[in-house]
Structures are given as C-alpha cells and as structure tokens.
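Letters A, B, C, D and E mark the chains as written, and numbering starts fresh at 1 in each.
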Amino acid sequence: MNIISQVTDSAPKYIIYDFGILTSRIHEWLSSMMNTTWTSVVEMVLIGVVFLSFYALVGLILVYAERKVCAFIQCRLGPMRVGPWGIFQTIADFIKLLMKELLITRNADKFLFNVAPFIVIIASFLAIGTIPFAKGIQALDFNVGVLYLMSVSSLGVLGILLAGWASNNKYSLIGAMRSGAQIVSYELSVGLALMVVVIFAGSMQFSEIVQSQATGWWIWKGHIPVIIAFVIFMIASTAETNRGPFDLAEAESELTAGFHTEYSGIKFAFFFLAEYMNMFIIASIAATVFFGGWMPLHFGNFAAFNHAMDYIPPFVWFFSKTMFVIFLMMWFKWTFPRLRIDQLLTLEWKYLLPINLVNVVLAAFIVLMGWYLI
Amino acid sequence: MIEAITGIKDSEQEYFINMGPQHPSTHGVLRLVVNLEGEIVKSLVPHCGYIHRGIEKMCEKDTYQQVIHLTDRLDYLSAHINNEAVCLLVENALEVEVSDRIKYIRTIMAELNRIASHQLWWAAFGMDMGALTTFFYGLRDREYILNIFEQTTGGRLLQSYNRPGGLMNDIHPDFVKKIKEFIVHFRKKLPEYDELLTGNVIFHNRTRNIGTLTRENAINYGVTGPSGRASNFACDVRKKYPYSAYDKVDFKEILFTEGDSLARYQVRVAEMWESMKILEQLVDGIPEGPFMMKMKPVIKLPVGEYYQRVEAARGEFGVYVISTGEKNPYRVKFRSPGLANLSTLNHLSPNVKIADLVAIMGSLDLVIPDIDR
Amino acid sequence: MTNEQLKETIEKKFDKATFDEFKGMLNVTVKPEDIHQLLDYLKNENGLKFDFLFSLTGVDWSDSIGIIYHLESVELKHVIAVKCKPESRENPIIPSVTDLWAGAEMHEDEAYDLFGINFTNHPNLRRLMMDEHWNGHPMRKDYVDKINIIDLG
Amino acid sequence: MSTEGLIVFFLVAVTLVGFALVFSSFIPPTSKNLFKAETYECGIETTGITWIQFNVGYYLFAILFLIFDVETVFLYPWATVMKELGIVAFVEILIFLIILGLGLLYAWKKQALKWE
Amino acid sequence: MTGIVEYIKDVFGALKSLWTGMKVTGYYFVHPKEIVTEQYPENRETLKMFDRFKGELTMPHNEKNEHKCTSCGICEMNCPNGSIEVISKFETIDGKKKKMLDTYIYHLEMCTFCDLCVKTCPSSAIEFAQTFEHAVWDRSELTKKLNKQDSVCSKDIKE
C-alpha cells in the first residue's frame, strides 16, 4: 500500500505502519472540499463517532470476556445460549437493561442521582482519548499526558461518591464513603508508579513514551525499578477502578450492592460499562507505559526476527498487550478475597507509598548512573 | 444542619442498618439490626423467625416415623445426622439393638454429610469474604457426595434415609466404589482449598483475631461444634458419648486454642480430613446384616423423657422427647446448634467492622432454618 | 459423680427438691423461688461444676407450664436435668438464668415467645420467632389458631 | 486540536448518556407501585435518617493525601527533566523526599495511619 | 534494622501467598477439561436420574389397565403432610361387598418425598418415578389423579 512505501524511506526503519499519514490524507481530502471551520467540525464529528462506537464495542467485548474468563477459572462454561458460545450475550443484556424501567427512590436527591452516571461515563470517555492505539491514532496527545490521565480518571470516583450519597440508602452511603477512602489513597500510588517511567522516558507525553520504547520496552530496559513500579501500578490501578479484590464500594456480601444498590436499568448499565472501560483504560496505560504500547517486540540484534515482528500491525501489538493486562486484572479478581477498609488503607500507606518513594529514588539513581539499557 | 431538620442532636443520632432478611451474607432470612458508627458496629440485635415453621409443634401431631422427615428440614445441610438423632432416641427408648451394618452405614452417611456441609460452608465463606471462585470449587466437590446420596437414598439434600430401627433402603451396589472414588478425588482437591484461602495473606488478615471467643465464653454461650472446638472446648459428642460406629473408628478431635474466625475456619478444614479418615476406615468393612430391624408398624415409646445427643456438622444436635405412651410424642424439642452459636454474635460483634461481622457470621456457619425451626 | 451422689449432694442443700431418675438421667424438680439458687449452686459448687447449659426447654405439662434445664459439666462429665414448675399456668414466672449462662438469653426469649413464660431479670425479653404483635403462645397445648395453621390431626 | 478534542469528547459522552436516559425513560413499560420507590434495606423499612454525620475514619488520611498529592505534582516536572539535569536534580529531590519520608514516618509513629 | 528485614519478609511472603492462590485459578483457566458444567436442556436425552431418585409418586398400571392398589388407606395414614387422598367405593362382586379404589389423589405440591407411603404400602401399588421437571403454571396442576380411567385392581399383576 501507498502508506507503507512512503514511510519506509522517511521514518525510522522500525515503523512500518504510520496512521498519521492516513489521518493527514483524510484531513487534506476534507479541506479540499470545504473551508477550515467545516473541516474541523466534520473531523470532530468523525472522531466522536469513531470513539463512541469503539467505546461501546470494547465495553461489550470486555463484559463478555470477563464472563468467559471467570467461568473458565471457576470450572464453568459461562454464557452459551445467545449466539455461538454466547457471544451475543452482552448485546442481549444491553437491550434488556435499556428496556428496563428507571426507578428513583422516594427520598433520593433526584438531580445528583441522575448526574452520577454522566460523571462516570464522562470521566472514562475523556480518558480514552489519550490512549495511543498506533502511531497517529491518538485523539488527545497532551504534553502532560500522564498528569491529564490521572486527573481525569480520578473524576470517575466522584460519580460513585455522588451515586452513593444521592441514593439515600445506608448501604450505598457506606459504599460511597469507602470509595472516597479508596480514591484518597490509591491516586498517589498510581501517580508515583507512572513517575518511574516518566523519569526513564524523560517525557509525560504518551506518544513520546511509546517512541522511547522503540529499542525495547521499559519493563526490560528499566529492570528492577520498573518491575516494582509495574506491580504497584497493577495493585493501585485495580483499586482505582473499584475492582476485586478492592471492590469495597460494591462489596456485595457486605453492602448488598454498595453504591449502585438503587440504580436500575440503563443507569446501572452505565456504572457497569464505566467499570469495564476504566479497566480497559488502566490496562492500555499499563501496556503503553510498561510494555511499549503499539511497539513490536524486538530482541537486540536478531534483525530478521525484529523485522518479522515489524510486519505485525501495531493494533495487534497494542490490543494483545492490553488484553494481557486485562486478563491479569480478571485473574486477581476471581482469585482473591476482598480486603477490609482499614487493610486497604494500611496497604497503601504502610506498604505501597513507602516502597514507591524508595522506588522513585532508585529509578532516579539508576538513570543518573546510566545503568539502564538504551 | 441535620439537627435543625430532625430535631435530633448530632450526638444522639443513631445509625441503624438492617442486615437481612434479604441480605447475601446472612445465608437465609436472618435479620440483624446493626447499630453503626461509621463502619464500626456498636451493637447488634438478631431477629429470627422469618422461617419459623413450628416444626416442634408439628412433631406433636406426627408419629415417630413421620418426625424423621421434619428433622431433615432443620439443619438441612446435616439432614442425615438429624435423622439419626431421632432414630437413636427411639431405638434407645425401645431398647432395640440395631445391626452393625446399620451402624456402619449410618456413620458413613453422617461423615459424608459432614464433609458436604463443610464443603458448602467453605464455598460460602469464601464468597462472604469476596473470593467468588471458592463457591464453585466447593460445590463442584460437593456434587460427588450428593450423587452418592442420590444413588442410595433417592434424595440429594433431604434424604430421610434413616428410619427408627434401621434404614430405608440397603446401600446401592456402587456405594463403596463411589466413596472410594470420592476420597481419591477429594484428597487431591482439598489442598487446593488451603492454597486458595488458608494461606492467602488477605484472607489471613481478614480473619485472624476477628471475633475471638474464649473457652469460658464458648461454654457459657453453649457454642458447640467446630466453632466451640476452635475455642478449645472439647465438645465433640462423637468422642464424649460415642454412638453408632464411632467407638470403632480412630479419629482426632480437632482443637484450636485461638478461638478467632481463622481458628474456626481451620477446625472445619481439618475436620474434613478427619472425616475422610473415618470414611476410609469404615468403607471397606461394612458387615453383612439386615438393613432394617424388626419394628412394630406403630411405635409407642414408654412413658418418660428422653434426650439424645449427636454431633451435627454445626455442633451438638439434641432431641428431647416427652412421651405419654401414645404414638405421638407429647413434646419434642430440638436443641439446635445454630441458635446457641447465633447467641454469641451479640457478644462478638461490638467494635468490629461491617466486613468483620460478615466474616464472623460466616465462620460461625449459621443455617437459619436450624435456628428458627 | 454418679447420679446417687449428685442426688445426695443436692438434697443436703435443697430439701424441698424432688428427684426421679429415668434412662440414666437424674431429674430434679424445684419451685421457681429455688430455681435460681439451685442453678447457681450447681454451676459454681466445686464438686458439681455444671457449666454447660446444653438445652433449655419450655414444656406444657397441661397442669403447669415450666422449663427444663439440661446441664453438663465439661470437666467432670456428668449431666443433670432440672425442672421448674411454677404454680400458675396462665402466667408462669421464672427467674432468668442469663446472669449464669449468657447463652440462655435467646433460649429464654424462645420459651417466652412460644410458651408465655415470663422471665424476671431478663435483659431483653422479646418474641424471638413470632411477630411482635402476635396473640397467644403457639406451643401451649390449648393454643388454637384457626386462621394460620393447617390442621393435620 | 487538544482543547477542542476535549470538548468533543465531553459532548459525545454527555450525548451518549443523555440519549440513553431519555430513551430509557420513554420506551420501557412502566408501572406505578408505591413500594417501588421504597429504599432498599433488605426488605425492611429504614429507621432514622440516612444523611447523618458519622465518623468515617479517614479524615487524617485525607489530609495526608493532600500533602502527598501536591508532592506528586511537584515531582512530575522534576521527573521529566531528571535525565538532563543529572546529579543536582537527584540530590535536591533526595532531600525533598527524605523530608517527606520523615513526615510519613512521623505520621506512622503517631498512629495517624490507623483506621479508627 | 530487624524491623526493615521483617517488613521486606512481610511483603515477599504476601506476594508468595497471593501467587499460590493464583496458581490454582490459573491452572483451571488453562485446563478446560476440568469444566463440570452440565448444559441442562441440551442434555435431556442423555440425562438419566438414579433409579431410586424420588421424583413424583406414580401408580404403575399394566397393559390390561390394572393396578395393585386395594384402597386400604395405609399410605394416606402414613403420609405426614396429607398429600395423599384415597377415595374408595364399594362394589358388589359375586355377592360380596368389596372395597375398591375410586380415585387416588396425590398432591405433589405438598409432598416432601419422605418415601413412607411407598415403604408401607402392603401391596406395592405405588412407587416413585424419576421425573423431575415439575414446573407448571398453575398450582392446581400439581394435584394429580394416579389411577387411570376405568382401571381395576388386580393383586396378581406382575410389573
């Protein structure tokens, strides 16, 4: 294809597929047809539609994947009825939830009760824009990408807090309070764990972080501090997304359903969807930062092997890495018992935070001494 | 602000929350009215009776054979052991000596039932703690036992297999083979239980030093069974007053001294091993003999009062019968282990968190129909 | 201690108590005014040490309504049944033993609920099984409830 | 592109939820029932009010969080330029982190990191 | 210093215990052979209950439309829940008045499957069938008449 041949002479050798060219072609084509304002309007509508459909698709796939993974872990088959191997189960569920009556309890704070699902969805939707799926496929490429992502992703918990508070249900309220405690704690660890890679990469921009891993992923290149950071990031981000074993805000054996006890129909579905999208976002960030994002796997001097790897499209690399991390998170959830609220805080403040601080210093030291692979 | 709305002073506001009757972790329809301070339980009042069926009253109208099927429905997870208690009571009252075959089969069935009960408890306890996978592993292994039950007795959960004076049917020809298969299977799977929960650091921290019951309190509250033995209270009726074939087998009474939720957990897991040992000793040597002794079609107990104790999966199960010489008992009382175990919840719950309350309830292994009767 | 010895020991202290033995179980029957003292004695006396109350049963003897306590000594391994028969059938009053055995609380609640036995000094006497506003005490022999009970007899 | 992109993403998310909510409040069958609007508390009516002041036990954590979150924001610019500045940056941040670490240690020793 | 060593030991011990648990679940994830799900409506043909399974009470009839019930009422007497009603009639055969079964009513909704009726039946006229799909739309459908239309009692029929 034209795209590939163009790239090979100008860009460095390892990038075969550059979607930046595709997007700029579309941009040129659009601007040749209409004036600048309309071009950008059409582009934005395009971006919105593409990401919306992507968002919905990922949500459906992840719910299905979770049900199958947990079923296999539990010696079950999982959904098998709707479609072959039950692949249309989530679509059926979605339609069912859409057709359910929306209930609001009598004493609820109706405005906040309705606002809460907006917040969780907005938070996850804003975050998904920063993820670099391939070279050139990234809607929002800020130079403070990591910071932006942290700030946006912590918005979601606000929705959970509001949902729990507005329901006027005692279980929901306790669930909301718990999620407050959780966000207060684990925000720090996510930030500090990502900081380790920022130190190595020397940039907070996601596209540059990916570029810096062209010669090798940070989890190899940065060895000990990055591995520690990855473990901490996995723990803390699982907590951030309110997933088991940190699902204290839901805790169905203690608080029946926690913050979403009173939600029904599509409103409940949005909380559900947001949880899975957050999982996807966290996983793709982990893939981007620690496993090189869409960068193919390269081994030192095996030129033939590296070249072969280059031909696998970046989408495949990105999604397989993301799926691996998502699988890890599912594996955690279906293995471990839930933590208690004080243990949750102990884990953060007495274990993750001190280790993290030491780890940041260690990473800085290693960068200083140049003991990492380039 | 709230003071202005409600007229209640901030310091006097009480936060009451109903756990149950429709709550996932009460395993039935128990209702706990919990007074909370934030996450911490200040006090707790259990309300029972949501599944009260008046079984004791119903027994007064039934013959002794008909009482059996009601005992199934007390602690449905140790249905077989409850049946056995009534049968032993009638046999002792009429001074009927049952054959060794009956004794052996009863003991095997009781131990299978105990394992099945503990498996379900383990499964549900893990689920209470948030580890949902344990539920399926526990039920998967329990299925083997239920199949053995079904093949011989025709019932999976409620068997009504024991009859005063013997058994309903003889064992199925495959009975021994299937038990041996089960033992081979379960000896492989039981270590997984330990790997999944017992050693897990989260589980350990959630249960250690939670709901500690001292030996004095265990006796004082009448807590029996695994929960009592976790507090070093040697309350095993199988050892104290051996019945059926328990005097012929060699097994350990599991005793722990800690008395916390973890100890209660460990006692039950260890008891599964012990029960398997009992099964192994008995299953090969089931003697020949009749499976039903000769009994009159209408059983009338001599005038008097009878008490029979057996060790059910949750503790000491007792049947107290006053007979006036009629074919119906005059008064039947079932000493349910559940009610005594529940009464400690009051004592154990203050100053624990909600999550701990769930852990304590799970470790006490409450079965609500047993409490309500 | 054998049942004979038990009988002698108790008789020395409580001469009004009546004794009978059936199927190896010693039964002691006392009036409500002595019951608490007797149980206290049984629990705390050195040679007796009946510290495990394994059953507390309400009984309707048709002429009276009372309680049977089944006691066991964990250490000395002997058992005894203590009966208490108040005079009044309509309103039997028995002192509570919750101060001796904390576990008796819910059993006494149950006896109150189903038999209508009033326990004095009970910390929180309430209906355990039935609805709070239930009329009557279902386990009494003369209790009739035409609406709720399917009569099988 | 970035700022406009933000607005686009925001609007798309709002439209998605808003449309679904509007759809869901008109299309599905509804039925009126007094008890439907009851708060769920395991099938029992709630006693007392839900929104009262109660001790959630993490006030101190919230304060600590503020301190450390600000610190993280401070650290990010440093992390970005750490490679270029070298030893100076390292020593400076080491001092900064040691002071912070001492603070955490102090809070730890003072039992502030204990849920009450 | 020992404090720090303990601390590090704690962390690694915890991680190790988590890994042990993950090994178990991971094992099952990659071993689909361990799956125990039975796909119920699909396996109807192969699904066979044990002979002794107590599904519902039936009264076997032979091809001549005969059953063994003599209408003695022992099963009704033994049933703890009153789920059996035996309605008998008197017929004069060869000049002798004989008790015959008119209708044998079985309330499946009340039955607790205690097996007392089958075990006490002196003529082995009733037995439990292995059916288990009892769900119906209306409770009254669970009240069944066990003897077929115009069936007669014959003590000597062979099963």
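Methods note: a contact is a pair of C-beta atoms (placed from the backbone, for glycine too) under 8 Å apart; a residue touches a chain by one contact, two chains touch by 3 or more.
From a predicted model like this one, the values you see are computed outputs, not experimental measurements.
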{"item": "Co-neighbours of chain D and chain C - touch as defined", "value": "B"}
{"item": "Per-chain Cα centre nearest the global Cα centre, belonging to chain", "value": "B"}
{"item": "Remotest chain, chain E as reference, centres from CA atoms", "value": "D"}
{"item": "Selected pair, greater C-beta contact count between B-C and A-D", "value": "A-D"}
{"item": "For chain D paired with chain E, centre-to-centre distance based on mean C-alpha positions, whole Å", "value": "54"}
{"item": "Computed distance of Cα centres, chain E from chain A, in Å", "value": "51"}
{"item": "Centre-of-Cα separation between chain B and chain A, whole angstrom", "value": "46"}
{"item": "Of all residues in chain E, the ones touching two or more other chains", "value": "18, 21, 24-25, 36, 80"}
{"item": "Junction residues of chain D, two or more chains touched", "value": "41-42, 46, 51, 56-57"}
{"item": "Contacts with two or more other chains, residues of chain A listed in rising order", "value": "73-76, 170-171, 177, 256, 334-336, 341-342"}
{"item": "In the complex with chain A, residue positions of chain B that touch it", "value": "15, 17, 23-25, 36, 38-39, 126-133, 135-137, 140, 196-197, 200, 202-203, 205-206, 353-356, 358"}
{"item": "Contacting residues of chain B [partner chain E, same complex]", "value": "62-63, 65-66, 68-70, 72-73, 133, 140, 143, 147, 150-155, 158, 160, 163, 168-169, 172, 192, 195-197, 199-202, 204, 297"}
{"item": "Chain B-touching residues of chain C, taken from the complex the two chains share", "value": "22-23, 25, 27, 51-55, 57, 59-60, 68, 70, 74, 77, 81, 101-103, 105-107, 110, 114, 124, 127-131, 138-139, 149, 152-153"}
{"item": "Interface residues, chain A side, partner chain B - complex", "value": "70, 73-76, 170-171, 174, 177-178, 244-245, 247, 251-256, 334-343"}
{"item": "Partner chain B, residues of chain E touching it in the complex", "value": "13-14, 17-18, 20-21, 23-25, 36, 49-50, 52-54, 78, 80, 112-116, 119-120, 128"}
